[in-house]
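In what comes next, chain A is part of two complexes: it sits with chain B in the first one and with chain C in the second one.
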Partner chain A sequence: MDMNSLILSPLYLSLQLALVTTTTLILLTAPLAYLLVHARFPGKSFFEALLNLPLALPPTVIGFYLLILMGPEGAAGRTWEAVTGSPLLFTFTGITLASMVYSLPFALQPMKAAFEKIDRRLLESAYVLGLTPMSAFVKVVLPNSLHGLAASAILVFLHTLGAFGVLLIVGGSIPGETRVFSIAIYEAVQSMNYREAGILSFILLPVGFLFLLLVNRLIRR
Partner chain B sequence: MGFSFNIQKPLISFNLDVSFTCENSRLLVLIGPSGAGKTMLMRLIAGLERPKTGRIVYENQIWVDMDRCVFLPPQSRCVGYVFQDYPLFPHLNIQRNVAFAAGSGTDVDHLMKDFDIWHLRHRKPQEISGGERQRCALCQTLARKPQMLLLDEPFSALDVITRRTLRSQVIGLRSKLDIPMIYVTHDINEALAIADDILPIVAGKVDRDWIQQPVEHDERGNVIPMKAARRPRLSLAY
Partner chain C sequence: MRMTSRFIFYILLILLTPQWVGAAERLLVGAAANYILPFKELAAAFEKKTDINVKWTFTSSGNLYSQIAAGAPYDIFLSADEQRPADLFRKNIAGKPFVYATGRLVLWSAQKDACRSKTWQGALKSNMKKIAIPNPEVSPYGAEAYSVIKGTGLWELVKPQLVFAQDTSQAFQYAVTGGAAIAFTSRSFTLSEQGKKGCYYMIEEAQLVRQAACILKKARNRNAAEVFSAFLLSPEAVAIRMRYGYE
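Showing the complex of A and B:
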């Protein structure tokens, strides 16, 4: 195997997956987390538990349900295929969706914590000063929870880099499409190629460590 | 014209039931012991709380009419509301804080110089003193050109000298702005120093006995706020 398909292709794919997942998830969960902090509606605790379910289930269980849901007979898979003409399973889009579900609680929790920390009176004075709840969110809440957003982003990024079971079930191992770093390592180990597995693993070590140091600094602020 | 308030709201330990009016350019002081419902009253005017029944009308604008399910949100009332330990926006410097909701044509720089905070314009709220922060809060509120000013113990946490300076600035505002102003305090001396009218609130009701004054009613039976200037020798009655 050459250097490109051995290291660069899975590394590039993993980074691409982590980046897309992080960006989309942060954009989607920021309003959701805000809603969970401030809105009161029936079934809220049920809804919140559902969103945090990926935290409590083994990745293979999440992967299995997603496989059913995203398959040609599943609701998500069928709709996607009807709209775009291509399947969800064993594609980059498929594993992106799967890793978004898998990392949802990791995006939600730090953001929720950051939004909860914001002084309620700050929001009230924003309203009295004429801001709608939407513009107060953009002009007051978001600028004052940047550390929470950053912590969310880093956690999701790392969690996606480390995702394995879910991605293997939903995406398989198609080089250049779904064969991400963690799967490449698994396959190297399976074929007793410890040198290859060692090189791949060693690359992730400092990345994870560095990001965690950053998260710690952000949380302490 | 001016401002009229007639609101009922059940609270945990008593029912708030207060009605009064306040004309433009008048400074009405609400006085009473802690927990009497004064702050709740201010929050009701600002639109941060919903009453159970009643009406709030300013000029010919109905802010609240619970019988007709009218409730104007705080955004639409254009009220200035400053309270004790007012939180300025921590991510903005003082100048941006003051200009945050400035109306068109407001001279923010001039306002800041007037209130002696111009030299602090590049600082963050957490880098200035309590008195400076309250001055900044007042500027932020005034920059919006409010049609009514609510001050809820705005200077209680400050030292005597700063408090006196800021109080005289508030008195100065009364003649400059042609709007109703309501000031909450539990300090009778402060009330006497600044009030046009005084309204004592105890346990959610207007209670003249609290400052040993007879209750006066107008021809419709509404309580008339007493004229502080006419009654300079008020005393507390415990």
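Showing the complex of A and C:
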């Protein structure tokens, strides 16, 4: 294969997947993390444990359940097909949803920590000054926890770049659609293209390292 | 701050645009791993003759089969057996299957002195190390290997030494890297660069592996799929696959 389908297409696909996953996941989990910090409701600890379950399970278990759920017979797969007319498995949308589930705890934890650190007096002043909880969240909480948001974003980004098993189960290895970087490396090893596997792996090394340095700085702040 | 957000916006814009805008005709083939070597040459020859861009995925036939049954968007399925394509045909997921190659099972080793014994059974018996075999559940070559080992009554003896690979390609790879001393795989790998450095036994007791292909009903590019299928049976394609040990 040419350079494009060998390196550029999987690289591009991985970055695309990581960006879309990060953006949607951060937007969705920010209110969720806030809720977990401030709200009290029955079954809260069960709910929180459920959200963090992807941390404790092998990727194959998550992949297996998602395969069933997103398949043509599964609830998510059937609904999606009824609405859009196309299947969910083996598509970019499918692996995006899968990596969102897979990275959920990584989005949740740093944000929760950041929200917990915010001085309650700040919030109280905001309420006294007449802000609704919603606008207090947007105008006071978010600006004061940017480093937490950034740490979440980078962790999710990296975790998605590194995802493999879940994506292989849910996405297969469709070139230009679901053959992301990690899967391209696996296939290169499988077909004994060690040179190709070496090049691909070496590209990812500095990326991971750089982002981790960044996370470190953000957390220390 | 404004510079940064603008920068981020452009990156997002680039990355969120679909990748295949304006791409030429594209054909997606899911092929059994044993066919990897001839297939790469076939695809290159085909792309030279037509405007159709061939993309592929190699894995075990069983893996491809279950992906296709779950709706994977391949246009053509090149299986390593006749049963799986026939099954897809019966379920109305694919069109009528046709045989595109006939392969043979071999026992290969990277070490030439592993083949000192006269027969492959002898080589198996004298071997004390790991033996790689493609998973019989998903690989037709693995299933064939399983039945000949069973047939010679060696199963109980070699069972503790077996390592199960996902497909023929991985079984061969195990033996190349030395993880296994010998491997059951498809003959085509013995004709590769690394394959020629080792030695092998042809397993005469094994059935010829008749490999069938089918065009999927959901193929996005039916015309291209038909042109490619016809090409697979053309004299040019036959010449290529013969060089890799397929009849």
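By our rule, the second predicted complex is superposed on the first by the 221 of 221 C-alpha atoms of A that agree within 3 Å, B and C clash if a C-alpha of one lies under 4 Å from a C-alpha of the other, contacts with A are read in each partner's own complex, and residues count from 1 in each chain.
Rule of thumb we're sticking to: a residue touches a chain if its C-beta (ideal position, glycine included) is under 8 Å from a C-beta of that chain, and two chains touch if they have at least 3 such contacts.
A quick note: this is a predicted structure, and the numbers were derived from the prediction, not measured.
Q: Using the touch definition from the top, say if A:N144 reaches chain B (first), chain C (second), both or neither.
A: In the superposition, A:N144 contacts chain B only.
Q: Would you sort A:E177 into first (chain B), second (chain C), both or neither based on which partner it touches?
A: Second partner only, chain C.
Q: In the overlaid three-chain picture, which partner chain does A:L15 touch, first (chain B) or second (chain C), both, or neither?
A: Once the two structures are laid over each other on A, A:L15 reaches chain C alone.
Q: After the superposition on A, what does A:T84 contact: first (chain B), second (chain C), both or neither?
A: Touch partners of A:T84: none, neither chain B nor chain C.
Q: So, does A:S5 touch the first partner chain B, the second partner chain C, both, or neither?
A: A:S5 contacts chain C only, not chain B.
Q: Identify the partner contact of A:Y127: answer first if only chain B is touched, second if only chain C is, both if each is, neither if none is.
A: first
Q: Between chain C and chain B, which one touches more residues of chain A when both complexes sit on the common chain A?
A: Tallying touched residues of chain A, the top partner is C.
Q: Using the superposition on chain A described above, determine whether A:D119 touches chain B (first), chain C (second), both, or neither.
A: Once the two structures are laid over each other on A, A:D119 reaches chain B alone.
Q: On chain A, what residues does chain B touch that chain C touches as well?
A: After superposing on chain A, no chain A residue contacts both chain B and chain C.
Q: Spell out the residues on chain B that touch chain A in their complex, using ranges where they run on.
A: Per the touch definition, chain B meets chain A at residues 46-48, 73-75, 77-81, 83, 86-87, 89-91, 100-101, 140-141, 144.
Q: For chain A, which residues count as touching chain C in their complex?
A: Going through chain A, the ones touching chain C are 5, 9, 12-13, 15-16, 19-20, 23, 67, 71-72, 87, 89-91, 172-177, 179, 187, 189-192.
Q: Spell out the residues on chain C that touch chain A in their complex, using ranges where they run on.
A: 11-12, 15-16, 19-20, 28, 33, 36, 55-59, 67, 70-74, 166, 169-170, 172-173, 176, 194
Q: Quick check: in the complex, which residue numbers of chain A touch chain B?
A: Contacts found on chain A: 119, 121-122, 124-132, 140, 143-144.
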